[in-house]
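In the two complexes that follow, chain A is the common piece, with chain B as its partner first and chain C second.
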Partner chain A sequence: MAAFIARRLMFMVVVLFGVSILMFSILMSFSPERRAAAFVRTPQQVKEIPNLVKKYGLDKPFYIQYVNWIKQISQGNFGYSTVAASPTLDAIKKYFPTTIELNLFSLPIIITLGIWLGTVAGIHRDTFIDHTTRIVAIIGWSLPTFLFALILLMIFYSQFQLFPPEIISNHIDDFISNNPDKFIQYTGMYVIDGLLNGNFEVVFDALKHLVLPVVTQVTVVIAILVRVMRSSMLEEISKDYIITAKAKGVDTHTINHKHAKKNALLPAITVAGWLVALSIEGSVAVEFIFNRAGLGLLLVKAATQLDIPVVLAISILLGLIYVVANLIIDVLYAVIDPRIRLN
Partner chain B sequence: METKTEHPKLKEIKFTLYRIFRNPSAIIGIILLLAFTFVAIFAPLIAPPKYKHRPYMMPHKGYSMTPKAPNKDHVFGTTSGQYDIFYGVVWGTRSAFKVGIIVVITAFVIGASLGIIAGYYGGWIDEIIMRVVDVFFAVPFTILAMAFVVRFGRGLDQIMIALTLVVWRRYARVMRAGVLSVRNEDYILAAKSMGVTDIGIMLRHVFPNAVYPVMVIAFMDAGSIVITAAFLSFIGLGAPIGYADWGQMLAMARNYIVGPAGEPLKFWYTIFFPGTAMILFVLAWNLFGDAIRDAFDPKLRRK
Partner chain C sequence: MKKLHFFLASAFLCLMLVVPAGAADKDTIVSAIISTIQSMDPAKAYDDSSANKLYNIYDTLVAFKKTKTDEFEPRIATEIPTVANGGISKDGMTYTFKIRKGVKFHNGADLTPQDVVYSFKRNMITDAEGGPMALLLEPLTGIGNTRKDGKIIPGIFEKIDNSIEAKGDTVVFHLPKPFPPILGILTYTAGAILDKDWAIANGCWDGNIANAAKFNGPDTGKEPLHHITNGTNAYQLKKWEAGKEMILERFDDHWGKNAAFKTVRIKIIPEWSTRKMMFLNGDVNDMEIDAQYFAEMEKTKGIKLYKYPQLGVVCAMFTQKIEMTANPYVGSGKLDGKGIPSNFFADKNVRLAFAYAIDYKAIIKEVANGLGSIPANPIVDGLPYQKDTFHPQFDLAKVEEYLKKAHGGKLWKTGFKLTLLHNTGREIRRVAATMMAENISSLNPKFNIDVQAMDWGEYLTAIQQHRLPGFVVAWGADYPDPHNFVYPYLHSEGFYSKYIGYNNPEADKLIKMGIETASIDERRKIYYKLQDIWAEDIPGVTIIQKLGAKALSGHINGFNPNPMYQGTYTFYYQLY
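Now for the complex of A and B:
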């Protein structure tokens, strides 16, 4: 097991090194003057760009600049963000909790609901519930996230005025920024901070703002899990050990949920990495449409205004999260299924 | 007595077609695709361009920001900026095909070639190519595409380049897996012993036998890539303003999802028409790709 984890860790380091080279190449393809602009903070400094090029060694060969860049990054210096008007790292720290909060709510729902729907669809093959699940999955698969979010906003915000966009209502936001002593922002996530401060008005308001984003996220991401769970359930049910169990007179519910489901979960774990990727991408679209100040919104703003340091920093960060998530999933899979680690 | 024997290849094709066409969702997919193809081909007749030299630019009368409801002159109404929605949806079909097909074909050529080379030669060539693929896989699709778009700048062509640079990774990986499963087959050895060159073996023997899984993904991608491209256009990285592109039309409609007091859904048509077109387009490719997979899947094929 230790050897397996060590091998996977090595692999992760190699991949991350590659990602850093890839991102740095994107950065390097801009002219030195253009890159120097990332260090400019005031209009007066524009004249000093040639000096900046010298000062930061932006005209040196690729590998020297790469080493400098990695040194900077490892000290947490990702350059200055023009969009956020602050150092990139500070901006990321500020926007990250919102993204975490969204996925903290959507991921558990996706996993439990997805496994449940897939299992039920597999057991009741070709019945009404199976067809419904299938149609929902195909719609979730074909529907662009941003379009679905727009439609939800039109119906539930515009028509019924139920669930507003953004993270929190204005009067609550004012209350929070005016009373830093009464409302302490421990995590930056409003629901959790509200609970920690015992302020249920904030909790309720934040939850109201979370409903549509979570619904969007779940609908779009869940499709793949339902499909895999269904087909793997179908495969398990037709296996010999199920027939044995039936012959022994075990009741159907136990067979389906105790025997088949457990084994059907194994292939479902292989799409877990995919779920993470879809969740990350979904967050970008969801945050942009619902105007939630998270990493996704920051990324979109940075990309449209060509704020290169932010785009690269977020790409690296999300890549890191994705790679680490995949590592955890692989290890988990190897723990559950010994055949994997022996290979 | 003369017995009619069909050529085995013809028989296979017939059987495949039979498998595709007995699936109702496949028929829906094919009908939808044909309808879109028809619209794309006959776009100049369905919606005659106002500017002959640049037909992709949507005609607009005036600059009023408020959309106008469907009427005699504009069957689907006009969106913000008075762009004709009907014209945009029709010519947007062409843009969608253009993006989907060009990106998929280019990425297919790059990914499949690298996948074949990696799988066929193995060793350090395989190692290098596949580690590069892993690196490209380490960043989620949309995020990596956005990083590339930032490099190449705004525009539809730039989006297509950026998407190609991301999409190829999956083709390379799937193609290599397919090649590995056929590489040691007897017919490859036979070809080798007969002195067929490596390139000849790769093209004539390995490629046709390993390509189906990649093809299935490619068909589905032709739809899903349009979504990503539309999203990039939607956030303002894609097509120039006024270009017939569904993503951009949705972006124009974004500020009008909330109508005036009393009529909250007044501007429904600004979202409805381009949105429906996009959903049906993606659905068509997905249904079609699904049917192709069922038809070619050897596990499901002979039962």
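Now for the complex of A and C:
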């Protein structure tokens, strides 16, 4: 197992190298002037463009720019972000906890609810439960995230004033800012920090702001898992060993949940692992609409304003998440299915 | 029992979550903006988001009087200098400002004339890349930059050092030549007054001119005052999470009337729907409105809406000497029906035809939702010395008439092919270019005009390379003086006029006279003539002067819409 993990970690370096080359190549397709223009906002400033190109070596060959960039990031310098008005690494450290917090709540729901719904739908094929689950899943998958988020916001915030956008209420934000000794920000995630500080007002306020984003995220992302789990269950239920178990008189609950479900989980786990990465990436629209200053919001702004340091750094971070998620899936495979040997 | 506990805990949690939010704090203004605040260093901040915050934290010597762009009120100066009160020398080259006493910085230090002198020198010496300091360097040193080709211009720091001095309770500016718009420039945050000791302690220029070069042109984000402030104005910076929010708090030792609202919370909310919902729910009290959303806001009751002209103009420009080398926008490069020659737009008939092909009224009504007007020339409404001059109106018969005359009548027979350009994401510019293309192409099957969008950076670079035959651009005021508009559009070295190859020696001469003349009557005559020259030469055509729009909560009063400031700007200390 240890050798396998070590091999995969080495492989991770290769993947990240590939991601960085790919992203760098895409960004290099923009002219030096266009990249320098990220610093220019008015015609009056246009005279700065040639200086910026020269200063940052934007007109140098691809490989020189890439090597320079690698040298810089190896020293922890990911460049300066104009959309965050701070060094890129600081911006990511500041924005990432918000995204993690959102996914910390949405992912367990997506995975447990998705597996459960898929299982129930598979077991009760072509019944009312199955049809309902499928329809809800299809609607969730088909709805554009931003539209669904806006609808929720219009109903539950605009109409009923229950669940506001953003991360935290103003008075809580003031309390945290004014009392750094009474409220320590251990993680940058308000629910967890609230619990660690024993301040339940902060916890409830943060949860209130999380309700709609989590509902949106779950509704949109869960559909894939439900469909995969349902198909997988249907396949398992029709296999010979299930028929044998039935012939032996094993009760239906045991057959479905102890035998079929365990085997049906394998493809679902593959998807679930992928969903972890997808969900983090998919926080973009949710964070944008609910104005949650997370990695997704940062990425939208960076991409639209060609803030190259941020685009590169977040791409690498997402690549890293994908690779780690896949590694975890591979390890989980071995745990769930003893037939699979990692070596 | 366990189930009961679980049920009660869940019920309590749900109850806590669904308790509606409390009423908005009436002592706080929440302002929603779209763009990131870039820097709090006055030598760097040149974007609207940053400048607006600096206006509320720092004081300048003078400021615009409420909604006026040609009247001033004293801030750190105690009176507006004039020739009559001796504040401006007769030759217009010396300005003396009496400095207010009893002014305290946010850190408790007293403001002195030495602080004022240091601030101007420090900001000009710093001259951060992409910053606003050219605005002060040009009138005070005669040179618009401290660097050329990345190297420091010899002697520039000595010129800066000699340009301003403290004399008793006054500060004196020495200009190398008269520069009448300087009072308008001094309202900008490039002239924010710093506390000298505090600035030096925080890594700014040390006060020794021999060391100036070490403090010049810091990298973006490395400017010493990027994240910290210490001004004298009504609000002080309490918290700034770059890219997220900024909190300003009332400064109770302000030299003037204290601000009515204790706290200003500025949030970046890029999505319009979210911003609007928060505004209507009372969670946001102040926001800029884009033209396309103004109509929907007009239907809302209990809010205050403002629309006011902005000192800016969108123009279509025609390059009279196009760079032809490997130029994809000129077809064959000849007047053979498959392209255009370098001097295609040098023929005034062609320029007039293109100008008559734009339906200006439709643009204002359909694209700008009525939030705009058609300016006769680049000296737009709100600037002094503005006058109405000839401006073409949409008329296809005129288009045909002028195209038949163009290039000695050859153009109508041979036809032509070219590309008009605009930068991406600007609807008015796209529509104007498309109108010219479609209307002209409809007259003769031999006329082929493509329209292409370019990214902003590439667009500006291509303009500088004289490669774009026709393009649509805009200019916003740095200061409210006609010079800031006639120079880029009519001077042979102006930003747009230079790159379209426009060169009228008489215009150059008048522009020079205009900026070096202090007499109002003389200037009026000069700028009237320049507007006539624009109408006669048609180097380009003005399309729209947009209106700025802003919404404030119903309970907030005191907003003064000023054409110099877009909807992004709010002087929070004026509100009550």
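The criterion applied here is as follows: the second predicted complex is superposed on the first by the 280 of 343 C-alpha atoms of A that agree within 3 Å, B and C clash if a C-alpha of one lies under 4 Å from a C-alpha of the other, contacts with A are read in each partner's own complex, and residues count from 1 in each chain.
The rule we apply is simple: a residue touches a chain if its C-beta (ideal position, glycine included) is under 8 Å from a C-beta of that chain, and two chains touch if they have at least 3 such contacts.
As the structure is a computational prediction, the values presented were derived from the model and not from experiment.
In the superposition on chain A, A:308 contacts chain B only, with no contact to chain C. With both structures placed on the common chain, the touch criterion links A:36 to chain C but leaves chain B unconnected.
Shared-chain residue A:54: touches chain C; no touch with chain B. Looking at the shared chain after the overlay, A:19 reaches chain B, while chain C stays out of its contact range. Once the two complexes are overlaid on the shared chain, A:171 sits against chain C while remaining clear of chain B. Of the two partner chains placed around the shared chain by superposition, neither chain B nor chain C is touched by A:225.
Of the two partner chains, both chain B and chain C are touched by A:154. Shared-chain residue A:94: touches chain C; no touch with chain B.
Of the two partners chain B and chain C, more chain A residues are in touch with C. Applying the stated contact rule after C-alpha superposition, one finds that A:322 touches chain B and leaves chain C untouched. When the two complexes are laid over each other on chain A, chain A has residues 30, 150, 153-154, 157-158, 161, 288, 300 in contact with both chain B and chain C.
Contact residues of chain C toward chain A in the complex are 13, 16-18, 20-22, 25, 28, 30, 36-39, 46-47, 129-130, 134, 147, 149-150, 219-221, 226, 238-239, 241-244, 247, 265, 267-271, 273-274, 277-278, 280-281, 283, 455-458, 460-461, 464, 473-476, 478, 488, 495-496. On the chain B side of its complex with chain A, the touching residues are 131-132, 134-136, 138-144, 146-151, 153, 223, 227, 230-231, 234-237, 250, 254, 257-259, 264-265, 268, 271, 275, 278-279, 282-283, 286-287.
Residue ranges of chain A in contact with chain B, taken from their complex: 11, 14-16, 18-19, 21-23, 26, 29-30, 138, 141-147, 150-151, 153-154, 157-159, 161, 277, 280-281, 284-285, 288, 299-300, 302-304, 306, 308, 311-312, 314-315, 318-319, 322-323.
By the touch criterion stated above, chain A contacts chain C in their complex at residues 30-31, 33-46, 48-49, 51-52, 54-55, 80-87, 91, 94-95, 150, 153-154, 157-158, 160-166, 169-171, 177, 204, 207-208, 211, 288-291, 293, 297-298, 300-301.
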